[in-house]
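Each chain carries a letter (A, B, C, D and E) given by its place in the written order, and its residues are counted from 1.
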């Protein structure tokens, strides 16, 4: 083979297409850079990208095609946790390593699938890292939860409370909304009735915008803190004034002060005309981790790459990343951001402990 | 008419030869998925094509079959061989209960109530977390070995093996549906479709025969769902998505509703088409939708049926003319 | 006012607001459904287009909000007329199944065309209304919400009068019940089809343009909008504008109160159960089409 | 009889449905103020003739002129506006619209204010329709629907009325009423082309008649002569 | 001995309209009972009640002394009470044999196609068996409807205006057919506005006006009943209508 092929399964259509496309554009940009520097194993890297539409069946078909037809040596992807869970089975069947930088559902790594690696902190890990400091950082005692009713939101409401309570906080409401919800007035009214000092949220861009606007519109003025889209350019732009003073619990934010990040942000702004979101950050991480492992394996044999991935010790945008026995990343830095004048400043950091 | 069994035999032989000829596992994968859809879509054709009621609950039956089989596997360690019939039975029963309520409505109301039912089932799958693990779905389903008397146990996890399981199931489903639609029951389906009040006034219970089609169709969908779950190894609430019922309907209607060969071929074509359109990347769904609209507009009887009626009789006519 | 009562009042107000939004969404559908007898699965996409076009007019072309709303509707109507002329005109004699399949195809087409044209980013339409909420005894709402309610009420009255009282409305209903005799009294069938479809699309687009102020639109928005609209239409009865508003309000209130006092995960189930119950006990919907 | 103005004429009209030739070289004329009957067996093509005149069907060949102007190929809307009303076979009522709405739409092409007066006239002939003003037409009895269809056609104030079996499904007493009504239409100066299976009624009312057999005109003449024609008597009047 | 089919005090209301106000009727095997009356008198509604399409507000329908007014339409048809419709109802797209076989299929007859061919032969459509129903002319479709009903092996046959839209010759065919069916022992209930047909073949005639029975008896008796003439036949023209 002339090139080293890496497969990407991301949603390019469907409900999360926006974020999926950012990911795809990022890896394309970065692969050009890597190839300009000589690629890997002396060959050029070739990306083969397929749309999984955040739909398990489509993602499975895409992964099948990538592995069987295109003979990719490794897979990056599947955005939504359910799609990743489905693609994992394909990776295992065909013995090809798969890395995700986005799917945070805790169960994914718990199954012990030998071909699956996760280069991002799970929701419980984020909660453990930040929960204890939230009461002080937000100067709040009474916390209310309002999250998406899926695995992500549920695992947040299951894992954060203990950590928050250990920092002196108290939980006063647990509410959910659906992926399909267009407005959240009832839930907000319920949360409001509980009189919280801060609201903890989990939402992707579209819902995050509507959610933060509607919270303010119903006269709730307490600080908001969330996992998800809360520090991304698109959210800040769309939500406008409603984004001011919103905290984000994030794995990556473009205002991180480090030479490697500043270089990345500069290139990203130049080429893609916006600030990199956490999905761009995730793309940066997983691509480099994969290429690094291929380089260390010294071969395109997926089995050897898998073995090399297990020994990952990568320094990137968010510091050092290693994988534990279940292939869950740890050691990286996570950030608490605060939107001020449209810019998400880092106000607090923490490190993900080895599970 | 003597040509027909020969043609059927040739087709079966050709289908059996697929894994020997097609070494591309990705294509084999698509063949397997097509086979699964053939089973589901034949079931849909009974209610849509034969009884003439547009059911949008069919993907939900498919998903419920997948879930039943998956839950039996995960919670009770039932293998697919037990899970598949159990899924067909259970979902058939659910369809019976559902049908006793909704088959009293007709036309648009029926269409929409079936959509609503599918959405409700999706809510159950996502919210009954203790049982279904909600959005996370159920991973790690396995394909069981196959025990054939006299030969022993065979591992069928390889695609080239599982293909035959699906092929066998699809042929069984086809023969079952064929027997059904050729029986007096099938004749009554058609009478109900053509003029329901008249059929009723001549002594045929539209309710009863719609119900038979609905329940058998649901059971077939569930069986297909069970195969699919074990093949892919994973089920999640996304199986309830509207896009599945859309694609199944396209298979039935563009294949040629009210025939069996049509929807079966439709299942194969419309499994491959979206995949072949991957080349079109961002234009993929646009091209697909355009094909769908144009085909529906200009080929109301489906793409396959007119082909058959236009090509086959001409050949026969020629042959008969020569014989005469 | 005591806290519980304030909360209840807030839930009720929420329900009315959401109900108005639902009614607005459902009106165009009930029109095409009840009059043309087409189950239009592309309804939500017309809504989405209305939202996007309005966004582009206001945000990128700097048009005045109140000028942009009717203009956005007009642009979508123009598209609807093209679609009607090229597609639905051919479906006059087609059975329900064919038309349903075509509208499903159209919805896929429009969604993906929007994706290609505008990208997947959600957009929300900037409005001139002050964002500061209004508070009455601790019950909150915003000027935009009030504007939406007013528009809904106005459109419902206009739609109802148009269909039930005007010559054109009667001609529409007659045409879809029997084309031949409609032609024989001098009704121009082609125009009626175009008007009816355009009017349905206009209502959908108006809903998208107005609600786009507080519900961000994205290419994939259509699906859920269509589903909600169907639920409302069944609840209210097909082809009835009064039914659309009553169905919308009922669903809005049921969801608001249900979500307010029950586990929120099952919120959507409330509407669905209501639909099934209504179909069982009043199969023609709460309002017949008289 | 003094020479009247030619109102309608069909010259050598041929029409196909699928492969069958349904009308074969049909020529007929109707003069102003005349009442002309068109009789013939089931499937002869009578309905087809009327549908061709009113623009629902397009002839394959031949010409149709109304007051000297060719109208073949024009659409039904344009033809009604010229003053031709067609009361169709099998009523073709709008099931979910009220009786009143039917009559209002019957006057769709009119802009004058006399619609209400005309409606009252219809109600005089068919009092039951007045009683059922608000009833949905789909729930009317068969005969009531027939009356409604006739009333609707007359609401356009036509100068030429095409009736397709107006007596279908009517009680004998109503058949007489209809007969009187049709005669009245002619007496008020309008022209009538009447298709009827009830040939005795048709010939009793008509000035002239045509007999249509399998798509061809086989006989024509004054109505009285037709009644006396033994062939016609045997086939259509019973004897 | 109870009658084969009997209606007792049948009343039906549709909102404000009282379509039937307590009508009694009965019919025996080998009898032709005609039901006549002005438009909107309630004749079709009476058929709808007997065949289970409309539930009576009051009264009952007995078949072989068993009440059938709570049964579904298809059950009633299976028992042998079968109707035709005022507005023609056929299986338009199907070949004649397949459509006519419906009634035989419903009874689980071993050879429905054969029953269908017999029924088509009875009405004289056997020669057109290769066509679809939609290809037939209006008059032939009316005959087809009777064939459809016959294949269901009726004991009581209800015909709603079978001769409407037929000319003199064609309505004679209907008369002959009904006579033939009566000879086979069928009970026939006939709704018809063609007085020639009614007066020729009825054993008994009942007259309904505004939902009420106003006369009941032999054709000759009914024909000369003053109320019937006034409400239905029309005084001076009555002779005319009959003579047609």
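Heads up, the rule we're going with is that a residue touches a chain if its C-beta (ideal position, glycine included) is under 8 Å from a C-beta of that chain, and two chains touch if they have at least 3 such contacts.
These figures come from a predicted structure and were not determined experimentally.
Any chain bridging chain C and chain E, meaning touching each of them, is among B, D; the list is complete.
The geometric centre of chain B is 33 Å away from that of chain C, both derived from CA atoms. Separation between the centroids of chain A and chain C, computed from CA atoms only, is 35 Å. For the pair chain A and chain D, the distance between mean C-alpha positions equals 76 Å. Our note on geometry: chain B versus chain E, Cα centroid distance of 44 Å, whole angstroms.
Those residues of chain A in touch with two or more other chains are numbered 13, 149.
Of all residues in chain C, those that touch two or more other chains are 112, 115, 265, 268. In this structure, the chains touch in the following pairs: A-B, A-C, B-C, B-E, C-D, D-E. Chain B makes touch with chain A in their complex at residues 24-26, 29-30, 33, 126-127, 129, 133-137, 139-140, 232-234, 236-239, 241, 243-244, 275, 278, 281-282, 284-285. Only residues 51, 53, 72-75, 77-78, 82-83, 85, 89-94, 98-99, 101-103, 105-108, 112, 148-149, 151-152 of chain E touch chain B when the two sit together in their complex. Chain C makes touch with chain B in their complex at residues 33, 37, 39, 87, 90-91, 94, 96-98, 100-102, 104-106, 108-109, 111-113, 115-116, 223, 227, 230-231, 233-234, 238, 265-266, 268-269, 272-273, 275-276, 279-280, 283.
Per the touch definition, chain B reaches chain C in the complex via residues 48, 54, 101-102, 104-105, 107-109, 111-113, 115-117, 119-120, 123, 126-127, 242, 246, 249-250, 253-254, 257, 282-286, 288-290, 292-293, 296-297, 300. Residues 14, 17, 36-41, 43-45, 86-87, 137-140, 161, 164-170, 172, 193, 195-196, 231-234, 237-238, 240-241, 243-244 of chain E touch chain D in their complex.
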